[in-house]
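What follows is a group of structures, each given as structure tokens.
Next come two complexes, and both contain chain A; in the first it sits with chain B, in the second with chain C.
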Partner chain A sequence: MIMDKFMKPKIGDLFIYLFIVVLIGLSLLGLRTMSIDRSNTVVQIQLDGKVIDSYEISQEGEIEAREIRVDSGQGGYNIVRISSEGIAVIDANCPDKLCVRSPNIKVPGQSIVCIPHKFVVRIIGESQGDNAVDDTAS
Partner chain B sequence: MDTIMSFKVFGDRSAKKAMNKAVDRVKEIEEHMSSTYKDSDIVKINKAAGIEPVKVHDDTFYVIKKALEYGQLSDGALDITIKPIAELWGITSDNPKVPTKEEIDEKLALVDYRKVVLDEENKTVFLEEKGMGIDLGAIAKGFAADEAVRILREAGVENALLNLGGNVITIGGNPDGRPWRIGIQDPRSQETGEPHLAIIGVADATVVSSGDYERYIEEVYEKTGERYHHIFDPKTGYPADKGLMASTIISGSSIDADALSTILFVMGYEEGFKLIEKLDNVEAIAVTANKEVYITEGLKGSLIQSNDNYRIMD
Partner chain C sequence: MIKTRKITMLAIIISQALVLHYIEGFIPVLAPGAKLGLANIMTMVTLALFGFKEAMIVVIIRSVLGPLLGGSITGILYSLSGGILSGLVMSVLYLNFPSYFSLMGISTAGAVFHNIGQLLTASWIFGTLGILYTYLPVLMLAAVVTGYFNGLVTRYILNYLGNKLDIKV
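Right, the complex of A and B next:
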């Protein structure tokens, strides 16, 4: 019965809360060969837990490559590149550079995190392929 | 806890309240059990090693007690007194190094979970020898997850997906009526280009993976192919080397899943599975160095293979 309630949600009745707290650490996930999964896909950039920017990925054709510089205060920055190869942090001035070394991300649910700058870039969307997952145990 | 958390909680306004409460509880647990927070119970216990017992919060006491039980169950494969060895290697620090055998033997003498003395009545913890130290990294996240789940369930939440530093915790299934689809990380995703080893459908269960892929000395690996990773074998003082690249536990209890994934990784496939098959409500996946994937009886047929680089041994 509960499931029924959620399968036909009344708008305004159903709240989905997504809460991200960055403490310390990293999440590394990546794909090299698969092309980017683009079903209703949005690339979201967060600083200190707040969404500061998001980009819709077009459903058709080549993804127009772009680079976004994100300044995190006190001189800190990360440069994100969005392209058909996926999403990558191509430069940053954080001490560990783990974000720059992270593999490109390509499917919804994946993220690149820069702990020193409290910076997260993630792919959000409904993935419809056989390989779609809700989350990954790592 | 060195951790990123994400909470997806489905429900009405009371669910949001419960979620905030759960997050606060997780933070509180971290404050009590972190090895780095200045005033945590763990820092106090370690400072007083060989000197005096330290009174701790009830939750810290409970987690240490559980950890010692796992120490006993696994014949020391999980040993929270591994800290002197972990510090010596510094795998998770900025300056990791491969120590000498002498250095390792010296620190290994300080590793013994049987030298952690608990006083149930006064809720104190005492490390018998100076230089000893405990770290709850292998188990505190699991406890925090169980607490978060308890708080959410008490508030009536029936669907949620939490991620605590890579540990995935589910309440119910996906609200669209199917189980949650959880990917098991490919331990060699950097090389195979695949994110997942396999995918599993779960509801009301926790999925925890451990492996040699999370933290290791990259410089040494690139030069020699030797992977000095962050999960130590308390018997040798070296990174665990029983033929596994990764282990995964699926269980209704997060603290069990957290502890057992480390235990399986340290014990290896054969011994680890012998132990796990004896436990109720616990399933496991072991990935060997030659890319064979072993699974417990209860998982047969329910694992979706998404990656040709591995062979599932059904």
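Right, the complex of A and C next:
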């Protein structure tokens, strides 16, 4: 029995099992933080294809309402309102005002576009459950 | 050991590892992604009979040829990353700390790091650590069982081979 010196459980084995327990704990923790991340979505404002601003909003609970004025150059502006009712463009001085008349957006994947100002506000983030259908529909 | 004999032995060991890798594909497992890792037995046998360099040769050749047998070429990346990482860890434990670890412990560590290597590669390819977090807990538990079993098998093989081949291990 030449290999007998490797046969009996040794002190180092304990460390390996301890290591495994720690790894399991860490990955469960990681999974938790990831699912918290998923419930948060980001409102992104783009101008001429570039992201100029982004706001994190929580999908649960009340969202503190706020208005953001975005100047698109040459005197153009759009005012975005973020609130519990969703995201809307409440005022703009673009010629067609399509962005103002657009319905509020709430679900990741939706966006409001103002073509004259090359202005886009969109909600990004992974959608959950039923929302997935709306994503493709909108 | 004579060079020719060593080459022949390594060739036999690699082919045995490949056959083990192939037939374990037919054995159903409980968790998705979990495997018995029988080929790991041959890595440990090589490590004990020959040493670090030979063990890594066996691991690398097996990792490249194994997925080809199974039919998916993309699998090479996963099996190489897992195989090399676990081979390195097992070598360090076996060669540098023989008085602290049993064969079962070393085998379990090998299984653990094989999973870690593969999952890190998968996470890198898919661009999210979620894969690592999701699969790791289940695979770690599986590694405890399969690692212990593989260590036990390795120990019996080494006893047998050691007597037959007159190799000092």
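In this text, the second predicted complex is superposed on the first by the 93 of 138 C-alpha atoms of A that agree within 3 Å, B and C clash if a C-alpha of one lies under 4 Å from a C-alpha of the other, contacts with A are read in each partner's own complex, and residues count from 1 in each chain.
One rule holds for everything that comes next: a residue touches a chain if its C-beta (ideal position, glycine included) is under 8 Å from a C-beta of that chain, and two chains touch if they have at least 3 such contacts.
Only a predicted model underlies this, so the values are computations on that prediction, with no experimental measurement involved.
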Q: Report for A:113: first if it touches chain B alone, second if chain C alone, otherwise both or neither.
A: first
Q. A:84 contacts which: chain B (first), chain C (second), both, neither?
A. neither
Q: Please determine whether it is chain B or chain C that touches the greater number of chain A residues.
A: B
Q.
Show me the chain A residues, by the header's touch rule, that chain B contacts in one structure and chain C contacts in the other.
A. 2-3, 6-7, 13, 16-17, 19-20, 23-24, 27, 30-31, 34
Q) Which residues of chain B touch chain A in their complex? A) 1-13, 15-16, 19-20, 23, 27, 30, 94, 158-159, 161, 163, 165-168, 172-177, 180-185, 189-190, 193-196, 199, 207-209, 214, 248, 304, 306
Q) chain B touches which residues of chain A in the complex? A) 2-3, 6-7, 13-27, 29-34, 96, 103, 107, 110, 113, 130-138
Q: Note which residues of chain C are touching chain A in the complex, please.
A: 48, 93, 97-106, 108-109, 112, 116, 129-130, 132-134, 136-137, 140-141, 143-144, 155, 158-159, 162-163, 169
Q | chain A - residues contacting chain C, complex | A | 1-3, 5-13, 16-17, 19-20, 23-24, 27-28, 30-31, 34
